Amino acid sequence: MEQNRVRMEGDVFAKHSGLTLVEMQPGRAKTSMAIRPEHLNGLGMVHGGAIFTLADFAFAAAVNSHDVQAVAINVSISYLRPVNSAMLYAEANETHTTRALAWCTVHVTDDNQQLIAIFQGLAYRKAPPATSTGRA
Amino acid sequence: MEQNRVRMEGDVFAKHSGLTLVEMQPGRAKTSMAIRPEHLNGLGMVHGGAIFTLADFAFAAAVNSHDVQAVAINVSISYLRPVNSAMLYAEANETHTTRALAWCTVHVTDDNQQLIAIFQGLAYRKAPPATSTGRA
Amino acid sequence: MEQNRVRMEGDVFAKHSGLTLVEMQPGRAKTSMAIRPEHLNGLGMVHGGAIFTLADFAFAAAVNSHDVQAVAINVSISYLRPVNSAMLYAEANETHTTRALAWCTVHVTDDNQQLIAIFQGLAYRKAPPATSTGRA
Amino acid sequence: MEQNRVRMEGDVFAKHSGLTLVEMQPGRAKTSMAIRPEHLNGLGMVHGGAIFTLADFAFAAAVNSHDVQAVAINVSISYLRPVNSAMLYAEANETHTTRALAWCTVHVTDDNQQLIAIFQGLAYRKAPPATSTGRA
């Protein structure tokens, strides 16, 4: 877990995108983003890619909060509202894990606890411990 | 369309992420990304957020290639392979449009035409022309 | 709403699939399915299509619980666990609506309140009332 | 493969839903559905659940066309057009497989080769052969 946290904090793309890893506990994580000019798209709105990256960072931290390395294999994201807020927050919770897979839901909210986006991620857990059992 | 192209080229997040708008035609678009250190995650792999943002940029250009403004409402992305390539390319094609909606498929490929990711985007077309007809 | 409820109860495919509409309130709905032999796949497991249809029925009821007609445009479903239960339940809640769109999350659970599947649906609301306002 | 084909042909839910397995080759499959009254929803339209089940059946056949057993873990489906056709067809193609995972795209079309729905499925391959190698 400590090794995974260090790896998360060494995420160059996340850093380059202005993201902060707020919390990382087994099975869950929080990230935040202070909106800056480089997060905007050509319409002057917060970029879908920036919102995705914030949620993806929380997802990666949550599924890598155990002793296995996990990589994203599928993600769905729904954009509910445009952003009118100086900050965005993402909160990731694993909903289920098997030996080889981890399902995770991420909610992106703004300063007013308004739901901005819902993110559903599925990760493949590499190098599972040899003693594990279970369906997948 | 020209106004939309200017807007796409003014996408600050895309620029900040090192993306290039290669082509923008009615209903389709291509983007590219030369992999740089800031595209990597804590595992030293190209970040899922960077791959998403590349695909999302092509998606945004394709659905904004007409005379209406379109915003992303839902996206699904599947990550098929890790990246071993200096460049990535995204090619977006609208598969269907109605008055209010645009469906778009984006393929992300590497230097060897290997498929890296498949992206399925759905956009809401704002301010549709008053004369349009159709189901949605 | 009453008209929509009648329409939901007239859903032939849902009836043919052995589904029950348990509850339908503005913005939410519950459905159930008593597992029968015709819900099984070639492996003797409850069919993904049956689980989807149960969730989809709750989704349809929730987004059609208002005075507008709504049709599904995109759905993502994650299958977390195989089913070991005589009954399945789906609970749908709209997470956000605009003039033209409705986002809805559906949880499928078994007799032991175990989460079986998560369903994320997006519907297009047809014939919106002329007096509505808003982003989409 | 023969065992898997037999299993597919023993899919009770698919049979109950009026589906036909037209073709099953390594990595791809085709299914069809002759529209019947029990495929309709409360609006008299072909039910999203019926379209999903048709696509899901092709997906299951494609990912089970090898010597491993595969189960669906995530699916996204986009509904592009309402159905005005007596028949529907689904064509599934694996886009990539690893030891443990299979990605598959399914196109649902009508009698006029119009695209009705796009389905993106991800399957977990159980009991992978001990000699396999690769990333996942």
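All chains are identified by letter, namely A, B, C and D, in their written order; residue positions are counted from 1 within each chain.
To be clear about the criterion, a contact is a pair of C-beta atoms (placed from the backbone, for glycine too) under 8 Å apart; a residue touches a chain by one contact, two chains touch by 3 or more.
What you are looking at is a predicted structure, and each value in this text was computed from that prediction instead of being measured.
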Most distant chain from chain C, judged by the mean position of its C-alpha atoms: B
Of C-D and A-C, whichever chain pair has more C-beta contact pairs: C-D
CA centroid of chain C to CA centroid of chain D, Å: 20
Gap in Å, rounded to a whole number, between the CA centres of chain D and chain A: 30
Euclidean distance of C-alpha centroids - chain A vs chain C, Å: 27
Interface hub residues of chain A, defined as touching at least two other chains: 71, 73-74, 76, 78, 82, 122, 135
Chain B to chain A touching residues, read off their complex: 6-17, 37-43, 45, 47-50, 52-53, 56-57, 60, 69, 71-79, 82
List of chain A residues in touch with chain D within their complex: 71, 73-74, 76, 100-101, 122, 124, 126, 135-136
For the chain D and chain B complex, residues of the former touching the latter: 76, 78, 80-82, 95-96, 103, 105, 115, 118, 120, 122, 135
